[in-house]
Amino acid sequence: MTEDADTLYREVILEHARHPRNAAPLEHPHRRARAVNPLCGDELELTLTMDGEAIREIGIQVRGCAIAQAAASLMSKAVKGIALSEAQALGRAFADHMHGDETSLPAELDGLRPLEAVKQHRSRINCTLLAWQALGEAAPLVEK
Amino acid sequence: MSFPSPETIRADFPIFRREFHGRPLAYLDNAATTQKPRAVIEALVDFYEHHNANTHSGVHTLSEEATELYEEARGRAARFLNAPSPRCIVFTSGTTAAINLVAQSWARPRLQPGDEIVLTAMEHHSNLLPWQQVARETGASLRYLELDGEGRLATEHMEKAVTEATRLLAVTHVSNVLGTINPVERLVRQARAVGALTIVDAAQSTPHLPVDVQALDCDFLAFSGHKVYGPMGIGVLYGKSEHLDAMEPHASGGGMVLRVERDGADWMEAPWRFEAGTPNVAGAVALAAALDYLQGFDGEALRGQEIALTGYALERLGERSGLRLYGPSDPAQRAGAIPFSVEGVHPHDVAEILDGQSVAVRGGHHCCQPLMAHLGVPALVRASLGLYNDTNDIDRLAEGLERVAGIFRHD
Amino acid sequence: MSFPSPETIRADFPIFRREFHGRPLAYLDNAATTQKPRAVIEALVDFYEHHNANTHSGVHTLSEEATELYEEARGRAARFLNAPSPRCIVFTSGTTAAINLVAQSWARPRLQPGDEIVLTAMEHHSNLLPWQQVARETGASLRYLELDGEGRLATEHMEKAVTEATRLLAVTHVSNVLGTINPVERLVRQARAVGALTIVDAAQSTPHLPVDVQALDCDFLAFSGHKVYGPMGIGVLYGKSEHLDAMEPHASGGGMVLRVERDGADWMEAPWRFEAGTPNVAGAVALAAALDYLQGFDGEALRGQEIALTGYALERLGERSGLRLYGPSDPAQRAGAIPFSVEGVHPHDVAEILDGQSVAVRGGHHCCQPLMAHLGVPALVRASLGLYNDTNDIDRLAEGLERVAGIFRHD
Amino acid sequence: MTEDADTLYREVILEHARHPRNAAPLEHPHRRARAVNPLCGDELELTLTMDGEAIREIGIQVRGCAIAQAAASLMSKAVKGIALSEAQALGRAFADHMHGDETSLPAELDGLRPLEAVKQHRSRINCTLLAWQALGEAAPLVEK
């Protein structure tokens, strides 16, 4: 009866939605991006500080559903410390995977497996991609 | 006139034979689109199996039949709205297309800087964006009538709804989010007093209330087939003949011209001049079947039952803690939509969990972002009623909300 | 791939079970609209009985299904045209709406006095009036490519089809009156060489020929569902992404915006930004079924058979005295339409008498008044072929014409 | 089989179509009108000379189908000599009759009975009304 919704709202998802990791906005970010999901109005702000090419710190604020929040939180854990370009490539791989291509999930994204249940809910897939979308577009901030 | 129970009515709708997650569907998304009775589906099939042809200018039997069916459907739509003549009825692809037609054909060539278009804070994007576009193109400005705490037009705003600068009042008859029924008749009188025209967005009123364009005395009115149990891809623009006859068509092509030369053309009379291209004859015919179906019921009894069901829903939902209802508290002041929010749970998560229980509601901004901004919410959950809903559907909604609470009450 | 006989194909079309004046129908009005195979009617029924919902932004199962079916239909249309991506496909209500969209969204904001739009003398009003309107609104001018004695684009006009002033070439792929197949690929190349864009009216080519937008390399292309055995009220605009992405939507409303505030809005990406309002999901789904049906046949074999049947018709009709045929004499240079006149008898009288014999043809100007003026006739009779026609239909046409002669040969 | 078309194209119709009465344009008309049928492109020119209120002479040129030609010819015979306003009223009565109202044909229009078969052919009814339409709009010519 309620398997569908239950698999979607597994404990790990709910836990991340309730207590999102890396949720504080960074004070002196090097990069920033904003992403919105037009269909549901979800909004996300992402800030990064960098160590050369690598992501040092990440801050994401989500105004959206539990899936979008959990997805952002799980993503923030996965990309910390790796090169931005590599993280962006992981984002593309994740999007392909979620859209049902026969690609397997990169090992680096093992922590995001609980989101796989969303594949069965087409209209929600974008909720899992919002943070990656922002990461893909994170633009350098020019010092004023 | 018959008045069967919702259960009997459901038997007219093939979709309810289908099971979702092992249960029949509690379909509470009627403000988005309604389900289709057998009579409407059969009208489509009958048309395509027996009468399919292009209209007008064809001499053969099929084409004559198609033309007659199409023009009969126009007459049927006119009777549905109590329009003085079928010639006031333009078929469009829906409400959105109808409103854009008025925006481009009536407003764009006529408005100018200093002119004012009056809207309400509860307009659907389809009765808002076309006016923003006209305002951009003509220099006219938009003004909004604000809402009171129950989501009704605020009395003090109603009083000064129009000014000497007002050229057009564009107002929804019933809010697709709040369910609020607006006092359109009164607003039209006020507009008329300052010489302004009125367009009524009847997408959400036609499924629930009798709509009489002569009683309302509005200049234009639009509705969609798919929201009154008819097919997608067809809708109606009503316009007073004095306006339609004076308007240039916005889209041009086959079927709407008297004479075409290489450098110019003469349009046919209204309404045909607004119907460029092959019309959606099957859609019009099936829309007529939908209007027959809807008006086959005793409208007053139907409305009485809907008010009772709305009252039941407001009560059942109102008793839940953490649930906030929006819209008028008096069920008689609303039609169809029952919006709410659940504390700490995003509307999409609510809708998703309800879907797992085979309860179909919608979560989102419902194409009313300015209203969401006014209410200070990103989105709302909305249950919305149709002919076939009963207390059982509301009970299942309430049980589903119990499940939502269960899932999100872990801490 | 299968290649059944026209007789077998007729069995797929329920309308041919009906008798007219005691006979099955010889339906030769396919250029106006085609009949619908069972698969298309069933797709409509299946949608309304099992999947009916509004698309996008709905979370519940039905709405997800409807959205998926709708976007799959977009993909199906893209494959039909060999478009590089479904994002190049905008659903409209038909060819006329698609061309008006390009006229208003692409041309109106871009053209200016001195600019030139090139048309042909054989354009349907739907690919003519929108450009007249743009010319009036922008000060651009129209120029026409003339025809030779067989109703083909005259060679000397082809050579100087475009000039440095040309901004747009709007040309029909196949003439709905003459049946002429135009050398679109060549015209597109010429246009591209001077930096002009091209829009191809494929309303009459899609039912008969493979249409490959990448091979044609056109910028826009339009066709109608109802002419390719699909339902009424749905059509397709193909556009290169570079253009669609740069165009402002012409109609606005629900379903095509990212963010709406009281004073402005941000559009969604193409193609969705051009699809304001509830889409005709059932229509798109049934159009996809029609494309499946059409492409289920061996296209080359079908085309071969059509050429043979056209040849047979030209011969049968050509041997009648007092009958004048129009269009290319080579059947391989034409598709579908077979126009003619009968000396001393008005086309409507011809069509009427044929109708009495259950032979459905069309008499009139066929929405091509400038072409009629060019040919020096007020109207023509037109027989036009579909998948299900065979020599028997042509024989019945010829017999019917015998009857016409009998009635009008009294003096 | 062919009853339909046969009833429509009765001998009297064909005869009038072939040899239309009052088909010559009048040289010094007092009134003139033009009517077109947008759906089939038929065109009709009508000229009148008047004896006070009464129609003295009538001239009609039709570019159209046999039905339109015969209808114009039959009409021209029916209205000659009667008051224009009366003729226009007859035209309205004829239109109502053709459109299937339960009105009977005025005795003055007995000669137009052969056109009644057109009632069964909706798309052609306007062909029978074209001349009457022009008559309804026949405007006085201002002397130059």
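Labels for the chains are A, B, C and D, by order of writing; each one numbers its residues from 1.
Everything that follows uses one rule, which is that a residue touches a chain if its C-beta (ideal position, glycine included) is under 8 Å from a C-beta of that chain, and two chains touch if they have at least 3 such contacts.
Every value quoted in this text rests on a predicted model; they were computed, and no experiment measured them.
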- Query: Where the centres are mean C-alpha positions, what is the separation of chain B from chain C, in Å?
  - Reply: 31
- chain C to chain D: how many Å between their CA centres? 37
- Message: Centroid from C-alpha atoms only, then distance chain B to chain D, rounded to Å. What do you get?
- Response: 46
- Query: If you average the CA atoms of chain A and of chain D, how many Å lie between those two points?
  - Reply: 77
- chain B, residues touching no fewer than two other chains: 57-59, 63, 257, 259, 348, 352, 355, 363-365, 369
- Note on the structure: Check: chain D positions touching at least 2 other chains come out as 39-40, 121, 124
- Message: Chain contact topology under the given definition, line, ring, star, complete or other?
- Response: other
- Message: Going by the touch definition at the top, which pairs of chains touch each other?
- Response: A-B, A-C, B-C, B-D, C-D
- Item | Residues on chain D engaged by chain B in the complex (per definition of touch) | 36, 38-40, 121-124
- Message: Which residues of chain B touch chain A once you look at their complex with the stated criterion?
- Response: 21-23, 345-349, 352-353, 355-357, 363-365, 369, 372, 378-379, 403, 407-408, 410-411
- Within their complex, state which residues of chain A touch chain B. 1-6, 8-9, 11, 14, 18, 39-43, 63-67, 121, 124, 127
- Task: Could you pull out which chain B residues touch chain C in their complex?
- Result: 14-15, 17-18, 20, 25, 27, 29, 32-33, 35-36, 40-41, 44-45, 48-50, 52-54, 57-63, 93-97, 99-100, 124-130, 132-133, 142, 144, 224, 226, 231-234, 251-255, 257, 259-265, 276-283, 348, 351-352, 354-355, 360-365, 367, 369-370, 373
- Query: In the complex formed with chain D, which residues of chain B make contact?
  - Reply: 56-59, 63-64, 67-68, 257-259, 268
